[in-house]
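Heads up, there are several structures right after this.
Note that chain A is present in both complexes that follow, paired respectively with chain B and with chain C.
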Partner chain A sequence: MVPSLLHPPSQLSPAAALQLSQQAPAVLQSSPSTVSASPLSALFRTSETPDLWAKYENLLLSCLRTGDEVAARQCLERLVARFGDDNERVMAFKGLLKEADAQHNGDLDRVLKEYDQILKDNNTNIPITKRRIALLRSMGRVPEAASALVQLLQFSPTDAEAWSELADVYFSQGLYPQAVYALEEALILAPNAWNIHAHLGEMQYMAATATGAAGGSYNKYMAEALKRFTRSIEICDDYLRGYYGLKLVTSRVLKDAVKPTKQADEDEFTLPDTTTVEQLNELATAKLSEIVRHYTAQDLGWRGYDELEVAAARELLSKDGSAIER
Partner chain B sequence: MAQIPVQTIHRDPQLFYWILFPITAVMILTGILRHYATILMATAPKKLDKKTMREQRSLLHGISVRGSFHVLSKKSFATRRDALTTAYESGAYLKDPERRGQAPPNPMSDPSSMEGMMGMMKNQMAMIIPNTLIMSWINAFFSGYVIMKLPFPLTIKFKSMLQAGVATKDMDPRWMSSISWYFLCFFGLQSVFNFLLGNDNAASQMAQQMNQMGPPGGAQMFGPGVDPDKQFLAEAENLAVIEHYSVLDGVEQRLLDSIVV
Partner chain C sequence: MTWISKSITVFGGLLLAHACYSAQEHSALQSLRASTAALTSPSPAVATLPIDIAVETVVATLVILLGLVLNTRPLRPIQWRVWAGKVEREGEEGFIDSSGEVSRDYIGNPFRFLETRPGFIDIRKQRKEFADWVKNGGERLGASAGAGAQ
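Let's turn to the complex of A and B:
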């Protein structure tokens, strides 16, 4: 996939991010440094489009990532010139640049104080609230970040981004039930997001296999993880992570020979019977090897997969194959 | 049946330069002016304070839980339903819980809703004033004679529209007066404004009339005069009557049936 400046660059590989940020001089030169809002110039020049500002934002992020702070500053200047110093989004970008400039923890503390000051003046500035949380987290003050996120979600419970960040924070702390709850909230807001379904499956798989999971909750988590992966494949039928997770879960279930016990609690999911699990395992294996084969041959229409993910799938398959041979 | 003779009226060719063209130019210029006047007069959307935001988004949260409950397992849905209905019924998310149960304030006396009305008034004024002025200008200067002949035949019904101000009974309806030209411009300049000012311009009357017909849904939902407590109670009831099913029920079988490798 060719990286485009029109999409947020958070998911890009380092090489792609570098490629984007190297476009910076060309992009900055090709568009005028200020866009005048006066009607006369609008008649003669091409008018501004939302795309332009999205480009600047994404370029800014890519440049910061690759250490090109001169270009990042130029992008920011253009955003400030257009939207003014007190635009919430622009304020967050300014803070981001200051964080990038910081040499040591003292500088970061100062940025944090500035955020606190801004939030004292305007306590609904969501971009700055999020920056503050991200900064707290990157400074290692994870519990504070979690409580700030909870506060944010108390007055804005329809923010899927914040819910998934909270899930990630809890997950990194090993608090699986909380993480699952938060990610379910994100799923409510985006009910057909196959990646969130699969991610939820991953969390539940880890919750099930983590030490200390008792027998009952093991079954429950495994069953739901299996179903989540299945659902994510049902929505997106060539999603590698979905198949990978499905294979992982079904192999584990088959290996552990979990009995689909008739549970007292009817509300919970139960594992399907062994034949179904075997069929699902076969399906996942077949599809994974298909993906790996086509990706290795670089067939048309199969090139979009992430290289590392395909490598992991290959490894999983080979591990499985050797297990069968033995 | 006698053929009606083709009517010919000798008109000064200067009519085109001194009447048709000026009216069109004035109409276009007023449209552009109105566009920029509306932009200048527009007030920035009012900032929500934290409590209002919480009130609105909590309600939206409940609505999205209700809308996509099927992605949850029965247990996690029940947890959320219990939490939400309890909070809704106790009024925990309300902006000012003390005022619960009282009648909503009169939208006329509430300053925040006055602002919205002022905005609407401003738009109306920007529409009405220039149109009245131009119409009276045209009436004062150019009324009482025809200025052009349309290149296509029309039925008699159009007479009153096209020949406003010219009271001749037998004249072919194809002849039109200046005030009719004004009306034609009034309704027909939409595409010109789209070309000059972009698609979401404020110059066209059509778009404004559309806006008056149906205000956007968001404004109605949290608009003035709506009692959030009632909305919360209704939402709690909606949540309570949901019969839960999960999209994960039997998903394995569905998948095995649908996917063939």
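Let's turn to the complex of A and C:
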């Protein structure tokens, strides 16, 4: 199925992005090259729709990704013709085009200086601030990116996307407690985001296992991860990622035979007793196998899952099955 | 199921048309009788609709309503977890409207942007990844996708 041009294309596979960017000539031809903003012309011509501009933006992103700069430039020209050079969103797209064009680090430095100049004139330009952070990160200057993000969040603390990016920056540096904190902030802003609950659970699971954290913090992270995964399947039925994480965590807890420690702190969430964990593990196994079975049979109403995710679930189940046989 | 509901609607329409026709005939008969009666006696005739026509009209309306209600598409889930589960389980397929297109307000998981973060995209990395994908045998796939698009 050809992906829709109305949604941001950043999560698409390369093949889908290519398909989108191949639509570029047709889309550019079928829509008028300039749309006048004057109210008089709206009387005589069919009015513009917001969809058109969303299409141009997404087309621009796909074309940049696939290296079709001619079409990308055309999209940008139309956006500029409609919204003007000083529109913040358009400025960010212009910067993006320059970043994509940059051949070596000198060019990137120049783009960065332009961003700094724009921010000196107007330091509340959020799209450009975000581009600057992304560029810093892309150039490998991660600490600077992190501090710029913290600054951005100081004057715009309700930006869930920025909190999520901050979590990712910290996570890439191995700073698990900070990453968990930032993602919790994003969750406060979007409490129903089931994928973020699962993502936080994954982070906490990694924090518990990767660092070899001893004793208390291991228990704490495991308990938190368990809580997050159960929450994600509470607000989303048949959520593959949530059940996958739940199975990972409960198997690990059962294998390590972690004893639920009595915490003095009332607010602290502790691991439930072994029978509950076993029941959760059984539930996750049953649900995962149900999902895998239905997806493999291509049953109606079960085809929406990601193929790679289902394959991972199948692998996890088969690993578990062979462990039982032994 | 649709043919049942459609035939119920058509049947209700026939009943309603019949009721209308009966009412029209009745009033024509009444006025004829009134004009002839006026010649004999001065008291005006009271023109009331017979009860069976009134009942038929009401029943016809109810039958039409039943047919229309049966013909509606299944309602969208209103519980958050059920709806979210539908998004995850069925994807686009679960949100196809009567014209066979994916419904316009379908956006998948609305919180996906928190993980993809379009405001912070690293375009250079994406370009490099795409170039690598093309180098590693993406050409063949891309060619077939291009043929499909044309």
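Convention: the second predicted complex is superposed on the first by the 319 of 326 C-alpha atoms of A that agree within 3 Å, B and C clash if a C-alpha of one lies under 4 Å from a C-alpha of the other, contacts with A are read in each partner's own complex, and residues count from 1 in each chain.
Basically, a contact is a pair of C-beta atoms (placed from the backbone, for glycine too) under 8 Å apart; a residue touches a chain by one contact, two chains touch by 3 or more.
Worth saying up front: this structure is predicted, and the values here are computed from it rather than measured.
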Superposition on chain A - do chain B and chain C clash or fit: fit
Touching partner for A:L64 - first (chain B), second (chain C), both, neither: second
Most chain A residues touched (candidates chain B, chain C): C
Chain B versus chain C as contact partner of A:A134, first or second or both or neither: second
Partner chain in contact with A:S10 - chain B first, chain C second, else both or neither: second
Partner chain in contact with A:T124 - chain B first, chain C second, else both or neither: first
Which superposed partner A:G84 touches (first chain B, second chain C, both, neither): neither
First (chain B), second (chain C), both or neither touched by A:P25: neither
First, second, both or neither for A:K227, with chain B first and chain C second: first
Which of chain B and chain C A:D237 touches, first, second, both or neither: both
Distance in angstrom between the closest Cα atoms of chain C and chain B, superposition on A: 11
Doubly contacted chain A residues - partners chain C and chain B: 234, 237
Of all residues in chain B, those that touch chain A in their complex: 32, 36, 47-51, 53-54, 57-58, 60-61, 64-65, 67-76, 78, 196, 198, 246-248, 251-256, 258-259, 261
Residues of chain A defined as touching chain B within the complex: 39, 43, 47, 122-124, 154-158, 181, 184, 187-189, 191, 197, 224, 226-228, 230-231, 233-234, 237, 265, 267-269, 272, 276, 279-280, 283, 286-287, 290
Sites on chain A touched by chain C in the complex: 1-2, 4, 7-8, 10-11, 14-15, 17-19, 22-23, 61, 64-67, 92, 96, 99-100, 102, 127, 130-131, 133-134, 137-138, 160-162, 164-165, 168, 186, 190, 192-196, 199, 234-240, 300-305
Residue ranges of chain C touching chain A (in the complex, touch as defined): 80-82, 84-94, 102, 107-109, 111-127, 129-131, 133-134, 138, 141-142, 145-146, 148-149
